[in-house]
Each structure stands twice: as structure tokens, then as C-alpha cells.
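Both complexes shown next keep chain A, but they swap its partner, so chain B is in the first and chain C is in the second.
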Partner chain A sequence: MRKAQKVKKVKLGKLAKREARMGYIFVLPWIIGAVLFLIVPLIQSFQYSLADIKITPKGMKIDFVAFENFTQIWLEDAEYPLALGGYFWETILSVPIIVVFALLIAMFLNQKIRCKGLFRLIFFLPVIIVSGPVMNMLSSQGAATIPSMNVAAIRSALEGFLPYYIASGFSDVFSNMIMILWYSGVQILIFLSALQKIDSSLYEAAKIDGGSGWECFWKITLPTIKPMILLNAVYTVIFLSNNEQNNIINIIQNAMFAGNKGYGYASAMAWMYAIVQTIIVAIVAVLLLTRKDAYDKQVKRRKKELRKQNRTLRRIRRRNRRKEKSVSSLSKSKGNVAWHTIRKNSMTLGKNGGEEHEKA
Partner chain B sequence: MKKHNIISIENKRPRVNKDKLRKLLLGTKEKKGLLNQLFLYSLLICIGFVYLYPLLYMISKSFMSLEDLLDTSISWIPSKLNFGNYLKAARSMDYLKTFLQSVIVAGIPTLLNVIVCSFVGYGFARFEFKGKKLMLGILIFSFILPPQITMMPTYVLFNNLKLVGKLQSFLIPALLGQGLNAQIFILIFYQFFKLVPKVLIEAAHIDGAGFFRSFLRISVPSAKPAYITVFLFSLVWYWNESYLTQLYVSGVYIKGTLSTLIIKLKQFDVNYNTMQTVEGVATSNNESIRMAATLLSILPVLIMYFIMQRSFVESIDRTGITGE
Partner chain C sequence: MAYKGHRINPQKFEKSQIKIILIILPLVLVMGLPILYIINHAFKPMDELFAYPPKFFVSRPTFDNFTKLFKASRTAGIPLSRYVFNSSIVTITVVFSSIILSTAAGFALSKLKFKGKFALMNINQAALMFVPVAVMIPRYMTINVLGITDTFFAHILPLIPLPVALFLVKQFIDQVPDSLIEAAYIDGASEWKVYRKIVLPLIKPAIATAAILVFQQVWTNMETSNYYVSSEGLKTLTFYMNTLTTTQNTVAGQGMQAAASLIMFLPSLVLFIILQNSVMNTMAHSGIK
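Moving on to the complex of A and B:
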């Protein structure tokens, strides 16, 4: 199938051409949108971040100031670098909690239990009502902590052996525990539907071979849903970043309209924020990206070896042929008899040489 | 006689022996034991309670009068049902008008979002053209990119076009496939339309249907679950969006004409205090009234969720994110 398409690529038929044109027509709204609301703003925003922008009655005045915005944020802004660090810590801490929790709940719900629908209903409920202002209202009333959890005790215990900065990140996570659990609704459902698609005959086979539930989890469940873990982790990072509970996006919005900061300053903030978020996504991706399994690796190594051998063989043959040529040109002048003997010698020599090569 | 004796002996044997009890409690390889089940259910119920705790707290607090709030002996159940908080909150939020406005602000962009995303998703799924891989890459990249980066130039653009504070600033991106979370929706439709057999569409072409007709008559009806999913999620996400709505539609400095319940909730304290000073209402703002306002602002989506719960909960199964 793929090969056929590749052949087509050389010269498109009339039908294929028309189909491609229709494809462009269908995607056209998105292309325009992407240029208008993604690529152009991206370039402009980069330009803004390197400029000081003043809004005058005549319009916008853009002064190029190179990296002044960035240095100003790092050196003079008291709030933003701290907020950025706090965001980094909290996200790194909450992503594993959310993903592991979602996986646990999904595993519970995947078993044969009654009222499965009801539980699913409860665990998905937060997705419907979660929004910045609602969350702010709830957490300001203290409804976001698990009632019997003593956050102050945890905090003081952590501060005993951790630096203040890290400890405060931990205790923030604990004091907003319910909110963090609330964010895992979509993840639970994704895991659940992935778990239901695992072939049950795999588990039966493992059970016959004497595998316990614990082993089944590590050897069958986890490898099968690994791509979903990556998906969920990335989704969680993005969700946490664009959530209004996250203080940074509010700082950026305030900076946008503040008299002494303006668009340029806010753009620089947004770029730094994007870089931090990308770093987090990259960390998650590197940790969870599916590696090739051991068998694949072995096959690859073997193929590589084979190719190397072939190459050396070919090289040896080529060398022999070259020798032959030079010898034959020599022998033509001398006569036939001598040529025969020399050729024989060179053949054996070549063979020996080849074997030696292979051994090496 | 003898037979009877045997039976009586058998009856005297203890019914529950140790082995059976162990099997019942701890379970065998085939069946989960009673203890196991008990543990599972209690854990699930505990977590379920933790999940519902903020909601229950909200409901309980919203019915309390000021005396109940101050009374330390009352923690959960108010002394009497008190709807005064709801009335005050609703008046301060201008509930009915704001509710209708929220329906407009969430509903119309959602409709556009659904239509355009299905269109684009079909284009990606059905046709082969140059640069498709690159475009899909850009699509995913734009999902990871925080919207704060493109926010400022877009705001400037809308400001120059005098669209800030109007609904058009939401409609135009939605019309061009850049609505709220449109990337996810395009990918959902992409997955779905890929599953529609190509043979069906080719048969329609042979019978003389054009590209649009085969899309409308064959692909759209078969993707009904995807449409429902995208519609519901888009509606809920637009409803709950406050950051961008405040920036573009209701306006931060340029006051727009439209507002939503969520934004009113965000500005609740300020609004309530002005109402209080203007109208001279006796009771000052307290947490009961705030909780009542919170509940009021999420009530419409909550009701929708309980009516449409099946479509919500099963939506992710049907979208095929997890691969078929």
C-alpha cells in the first residue's frame, strides 16, 4: 500500500491530484487560522519580547531594546522568577501524583465491582465543574484540603530536613490535595478505557504459568498502557499550566495592562514561561518514551554486524580484483604461463587475507 | 435406621471449616475474597467521599444563616433551610440575564468549533496531500504551546479591529479552527473519520456524489458519537473558561456588554459590595453567600451532566484516543 503511494508520488494521477486539492480545501480554514492566530502572533510576540512597547494616542510605539526585558525580569522583578520556580516544582510534584492516582483508581474500577457506573460518575464530576474562579472560591474557604489531614504537621516535619523552598512546594501540594485529585478525571477515563482493551487471554496465560497479580501488573498491564501514561502525563502538564489556579498566567495578564510593564514585558514573561513548560514536557517525555525492547535491540545489533561483514567482504573482493588487473596487465607483456601461476598465488593470498580480516 | 444415623453424623459436622473460611475471606485465584472486596469498596467509598467533599461542603455552607456560621456546634447540617443566601447571590450576579449571556458565549463558539473541527479533521483523515505530516506536527505543537505567548499579539489585533469586548473575538478563532482546545477536537475527529471505511465513500463517488456530499451523507452520520462528545466538552470548556473570556469578551479595561456566570463569580466580592452600598442591604458578604454563588454558577453544567452523564462518561471510550 505504502509502496503504491510512493510510486504515485513521482507523478500524481488526475484523481490523486483532485483529491489532494480537496484535502487542502477541507483543511483550509485551519491553515488560515494557524497562520493568523499561531504563526504570525508567534513571530510578533518574539518581536514584542525584545522591545519596549508604549501605547500612545497615535498607536503603538515599539522600541527595540534587545534582551532588556529578560534581564529586567530576572534582576529586578521580585515576584516572577520565584513564581516560575514554584510552578516548576509544583508541576513536577503533582504530575506523578495525578498520574499514579488516576492509574490506581482506573485499576480499581476495572475490576468486577458493583456500582461501577456510579463511581465513574463521581470521579468524572470534577471535569465538569472545574474552573479557575470556582477553585479559588473553594480553596479560599479551606474546602480543598482533606479534612483529617494535618497539613501544618506535615509542613513542619518536612521543613526539618528539606530546604525551605522545596518543603513549601511539598506542603502546597498537600494543602491542595483534593484539587490535585480533582484534576485526574479525564486521566482516569483514559486509563480505564485503555485497561479494558488489554487482551484478557494474556492474563489467563500468565495465570496458568503461575504468575501472581503483582507480576501480571508489572509484566503485562504496565507495558501495555505505557503510551497512555505518556499521553496522560503530557495532558496533565498542559492542563496544570493553563489552569487559572496557576498564578503565573495571572501575573502575565496583569503585566500586560500595567503602566510600567506593558506588552513587551509580558511577552518576555510568556516566553520564559513557555520555555519552562517545554522543559517539563521534555522531562516527562524522556522519562516515559517507550524504549525499544531487548529483542529489538539484539536484532538491530545483529543486522549491523552483518552489514559490517558484508562491507569487509566486498572490500576484500574489490582489492583482489584490483590486484588481478594489475597482475594481468603485467602478465600480458610477459606471457600466458607466468600469468597463470601468479594468478593462482594471488587467489590463495586473497583468501587468506580475507579470513584474517574476518577473524579480526 | 442405619442410613438415618449417617445423615445425622453428617449434619453434626461443622458446616464452616477452616479451609472454607479462609477461601471465603482471602479468595482463590479465580475469585476475589470477601476481605479483598471489603477493602476495595471501602477504599473506593473513601476516595469518592474525598472527591465529593468540596461539593458537599459547598451545599451545606450555602444553606447556613449567619448565626449557624458563627455557632461552633454546627458543622454540617444547618439549623433550618435558608434560601436567603441564594436570593442575595442571584441578585448580585444578575442571575437570569447573566445565565442567558453565558449560554450565548459558550454556545455559539461551541457550534462553530464542532462544525469547523469536524471539517478539518475529515480533511486530515480522508485525503493525502503534501505537507500533511508537517501540519499535524504544527497542530500538536500548538496544543503544547501556552496560549499566553500568542495572547498579546492577538489582543492587539482584535483591539485594532475594535473587536475586544464583543463575541466576535471568540467566533473568529473558532471559525478558523483555533477555538478553545480545538486541537484536541480535531484529533478526535481525525481518529474517528479514519475508521470510516474508504470503500463506502468510493461507492458514493461511483454513484455520483461529490466530495462534500459524501462527507455530509456518509461520514457525518457515522461519526455521531464523536459529534456528541466534542459538543459536550466544548460547551463545558467554554462555560468554565474565565481567563480568555475575561480578556477578549467581557474585557479587562474596555468593558464589554457580555459577561458569564463564571466571570461574575470571579468578581463576586466587588459586585456584592457595590450592591450592598447602593441598595443598603443589611447583611454583609460572608462565606455562605459566596458558596451559594459558586453553586449557582456551576448549577447549569451540573444539571446537564446528570442528564447527559452516559454520553460524558462513555465519551472517551468512544473517541478512540486509546487506539482501536
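Moving on to the complex of A and C:
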């Protein structure tokens, strides 16, 4: 291990170099595409968000206005900050619902039942329609609500003890219950594939030891599919935020072509939206991130200590060399040899120290 | 629990299955509603289309909407087949190239070591958060600079780097055990071979999912036809269907719109049924434990 470290520090080894080169080759096509059509436009839109843009017959006229767009949105726009707050709560509330629902359905579909293939097909089907205009049609005609559920009553009950934002978020979630269920197709598929990869001998072993189905779920199923839960949660956030049913996207698009707002204003809106999304994803990630186990932590700490040790060693060596130089410039005949031997000693000492540490 | 070939259904019906079916069945009905709705909607005559409250099932089915749609398309200068051709070329190229790019990039980001890997991952994550609408105009300018306005490339290139696909595929490749890949290296496989023979077969479910998502995005995409292409003969079927139904009288257009959405929906359905089958089969066999 020490050897590998040494090699890394001096220069990349042949193998590592090759691996790095292959890595670049594999990523390169994607990078080119992403830079051209994602990164450059993103940077440009950030520039635009700091500017006032007017489209004239001669071309675009860009005036730099610093954060004026942002302040204008927060201080003067009646609609956007409210919509953003509503979106925040709605997403926070519907993500767990979607993920838990998807997990439940996936667990059911993983059982041995008849017509499983058909059920799977039907549960995944909404995925291929939700992005289309059909969804707009359905939701506008009220097909997305559960008729027997009295949303108004729930809403007034909630508003009694919750702030307006949160209460309206809750009631939106309730009134779009079926819609939320329709959104969970991809998540079901991801969970299903994760569930099928769990080794069935684990369950058998647990059963032999007297574990119930409930215990198996909490001790085997859930820990195994935890990475997939994170993936699903993040995917859900992104999907909810970027699909066409989302009101904020409409607001941004309208602002883009409105006379008094323009593209700069819309860009500023989009950037704020992206920041809110990032916050939500960060919350989800913090809640669900797999904790490193104790062994990993120890290894990491050990590595850190080793690095520190090496650093101090190098510092000592450097100091010695400097001293050596100054001494040798003073007296070239005797001192040189003396310092040399001392340095040698210190080096072997340091090496041994490192090795000992490694073994421990 | 040995899997026998591609059979996922148990052969016998047992009493113990009843409780599960009882729970699942109502949910299945709810999930199936939109499909029923699309299919029924396309066959509704005028008075049923506007009925309030709306009904899910058609009581007097007709083909009126379809005949109207084809009549309208016959009056246009460019034949319908041209749009179908454009759409299929664009969709097929984008789906294939996007899958290849995102699996290759996902493999490298997940399993190979090189400088700047984490920066790239973070950039992708950041791009995920961004509303596509907001980069429309800068994208147009890039396309303009590249000089590919009014070509097929204007349809294809902007849609290929889909951050969601990369994200999904990368997360799945993370699940592929390193030991499998190391074993292949020891046996003398190159990175390319590892990618082709180990990673790709193991992440087939993810590929199929990503393929469906990409297909969905491309097939229903109107942005490229709207903004990047001006010649009529290069626009896609989605765009055409949309203009048919919006430029006509909106009331009469409703029926045509319903018919058009059924037509647009069918390819997705077919693709999905094909892919779904292969997904389920490979998942049963995949060696990841």
C-alpha cells in the first residue's frame, strides 16, 4: 500500500494512467454533448439572469443590471415567491408519499401471485402518458381527484393550526392524490429490480432464526434497497419539478415572452427555482444518505493520520536539507559528511516509523 | 426460488394469493384509468366529448375523429408520411446515441478513476435541477453558432445529453459489484470489453427504463420543431399533430386532438410492452447478489 501511495505521489503509474485515459475516452462524448447543450447554455442563462435583455430588430441588447432581476422578483412580483413556497411544501409532502407508495406496490408485485406480468404492465403504464398533453386534459377535467375525499374539509381543518403555505400544500397533495399515484411508475420499476436482487437465502436464514415478515422487512429489505430509495427520492423531486404540469414552469415561460419582464427576468426566476430544487434534493439526500459503517470511518481516519505523518516527515527532511546546504556552504570539508549521515539516519527512522504505523 | 426461463407468473392459483390481489386490484384500476381514458376519448362523438361531468367510457363509439384527422392532413402540402419519417429518424437516433453515451459515461464515472470525476458528477447533478425551458434561448444560440439550424442535427443533438438518463444509469452501475469487474481485469479484459460484456448486460433494466424515458422525451418534444427548425418538411409528427389541432377550430379540434393523442400514444405503448418483457426477464437472471 505504501508503494502505491509513493507511486501516486511521484507520478501516475502505467496502469492508473491507462485507466484514467480510458475513463476520459468513455466520458468524452458525453462531455462534448453536455458542454455544448447544457453547460454553455446554463452559464449563458446565468449571465442573462444578471442582465436586462431587450430584443430589438438589430439583435439582442444586453444591459448588465447585477441583481436587479432577483430583487425585483422578491419585492415586486406578486405571484412567483408565493408559487415557489407552495411548490416547496408540495414537493416535500408528495415525495415521501410517492416513494412509500412505490415501495408498497413493488413489494406486492414481488410476491408470487397470478397475472403478475399484467399487473406490472399496468402499474408502469402511466409513465408513458404523464408527460404528454393527455395529463393536462385529465387533470383539467378533474379526473385526478378522489371524489369521495372531502378536500375542503381537510383544508379548513388544517388551516386551523398550520401556516397557510403548509396547509395549502397538504390540501393540494390530497386533491391530486391519484395524480401522485400515477407519477410512481418509474419508481416502482426501480424498486422492483432492487427487490429482485436481494438474495433469497437471506430471508430463508432469517426465517430459520424465527424472524417474522415484519422483521425481515426492516432488517433485510429496507437496508438492502436503501441506495435505491435515495435514487427514487431524488428522481421523484426532479420529475415533479420539471414536468409540464408544474405551475412554475408556466410562469417562467410566460415571463420569457412578456413585454415588461423579458428573458433576463425569466432566467433569474429559473435560477431561483433551481436553487430551491437543490435545497429539496439536499434535504432528501441528508435524510437518506447511507451512513458509512464504522470500519470505513476507521480506515479513513487511519489514512488521514498517515498523510499527516508523511507531511511532517517531508517537512523535517526539507528542513534538514536546508540546514545541510547552509552548513555545506559554510564548511565544505567536514560538515558535509556529518550532516549526510545524520540525514540518512533520520530518513531510515522515518521509514521505520511509517512501517510500524502501517502494521498497527 | 429457482426461476424457470422467462416465466414470472406462478403456475397455480392459490388461496393465499387472494389477499394480495384484493389489495392490488383497486390500485390497478386507478393506474389503468388514464389509458382507458385515452382510448375511450378518441372514439367519443362530439356530444360525449364535452359532456359534464366527463365520462370514462364511451357509449356510442365512432371513427369520426380519425376520419376528420386524416382529412385535415390530406389538405396540407406535405404528406403525413414525411412527418412520420422525420419523427422516427429523430427518435431512433436520439434514443440509441443517448443510451450509448450515458452508459459509457456512467461506467466511467462509476467504475474508472480519473481526475475531475467528481466535478463532472456534480455538474450533471446541477444540470438535473435546471428547468429545460430556461435554457431554450441559449441553446438556440449554440445551434446557430454551430450552423445546424434547419437540419436533422437541430432535432437530435440538443436532446442527446439527458442528465436524468445518466443519473439513473450511473446509480445502477454503482450497484454492480467491483469484484466482478476486477475478475474480468485479471482475466485480461480491456475496459471496453468490461463495458460491453459485464456492465451492459447487468444494467439492462436500467437501460430499458432510460430508453423508455428518453423515448418519451423525444417523441413528445415540440421544442426543437418550434424553435430550431423552420422548414416545414423537417418538423416532427408531434409538432404537426399539435398544429392540426390548435390551428383548427378549437371546439372541432377537440375530437381530432383526442384521436391524435391516441395515435401518438400507441408507439410508446408498443415500445413499452416490448422493453418491459425483456426487462423482467433479465432482472430474474442478473447475477448481482
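Everything below uses one rule, namely that the second predicted complex is superposed on the first by the 260 of 360 C-alpha atoms of A that agree within 3 Å, B and C clash if a C-alpha of one lies under 4 Å from a C-alpha of the other, contacts with A are read in each partner's own complex, and residues count from 1 in each chain.
To be clear about the criterion, contacts are C-beta pairs under 8 Å (C-beta built on N, C-alpha and C of every residue); 3 or more make two chains touch, one makes a residue touch a chain.
Quantities reported herein were computed from a predicted structural model and do not represent experimental measurements.
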* Superposition on chain A - do chain B and chain C clash or fit -> clash
* To do: Pick one for A:238: touches chain B only (first), chain C only (second), both, or neither.
  => both
* Asked: Regarding the shared-chain residue A:51, is it in contact with chain B (first), chain C (second), both, or neither?
  -> neither
* To do: Scan A:119 for contacts with chain B and chain C and give back first, second, both or neither.
  => both
* Between chain B (first) and chain C (second), which does A:207 come into contact with in this model arrangement: first, second, both, or neither? -> first
* To do: Return first, second, both or neither, reflecting whether A:99 touches chain B, chain C, both chains, or no partner chain.
  => neither
* Look at A:199 in the shared chain and tell me whether it touches chain B only, chain C only, both, or neither; answer first, second, both or neither. => second
* To do: Using the touch definition from the top, say if A:186 reaches chain B (first), chain C (second), both or neither.
  => both
* Asked: With the two structures fitted on A, what stretch of chain B runs into chain C, 7-15, 79-87 or 205-213?
  -> 79-87
* Residues of chain A that lie at the interface with chain B and also at the interface with chain C -> 16, 19-24, 26-27, 29-31, 33-34, 36-38, 40-42, 44-45, 48, 105, 108-109, 111-113, 117, 119-134, 137-138, 141, 143, 178, 181-182, 186, 189-190, 193, 196-197, 227-228, 231, 234, 238, 241-242, 249, 252-253, 256, 263, 266-267, 269-271, 273-274, 277-278, 281
* Asked: Along chain C, where are the residues that touch chain A in the complex?
  -> 1, 8-10, 13, 17, 20-21, 23-24, 27-28, 30-35, 37-38, 41, 53-54, 56, 101-102, 104-105, 107-109, 112-115, 117, 120, 123-139, 141-142, 146, 157-158, 160-161, 163-164, 166-168, 171, 174-175, 190-192, 195, 205-206, 209, 212-213, 216-217, 220, 257, 261, 264-265, 268-269, 272-273, 276, 279-280, 283-284, 286, 288-289
* Please name which positions on chain A make contact with chain C in the complex. => 16, 19-24, 26-27, 29-31, 33-34, 36-42, 44-45, 48, 105, 108-109, 111-117, 119-135, 137-138, 141-143, 178, 181-182, 186, 189-190, 192-193, 196-197, 199-200, 227-228, 231, 234-235, 238, 241-242, 248-249, 252-253, 256, 263, 266-267, 269-271, 273-274, 277-278, 281
* Spell out the part of chain B that touches chain A in their complex, as residue ranges. => 29, 32, 37, 40-41, 43-44, 47-48, 50-55, 57-58, 61, 116, 119-120, 122-124, 126-130, 132, 135, 138-139, 142-157, 173, 175-178, 186, 211, 236, 239-243, 247, 252-253, 262-263, 265-266, 268, 287, 290-291, 293-294, 297-298, 301-302, 304-305, 309, 312-313, 316-317, 321-323
* Asked: Hey, which residues of chain A end up touching chain B in the complex?
  -> 5, 16, 19-27, 29-34, 36-38, 40-42, 44-45, 48, 60, 105, 108-109, 111-113, 117, 119-134, 136-138, 141, 143-144, 146-147, 178, 181-182, 186, 189-190, 193-194, 196-197, 207, 227-228, 231, 234, 238, 241-242, 244, 249, 252-253, 256-257, 263, 266-267, 269-271, 273-274, 277-278, 281
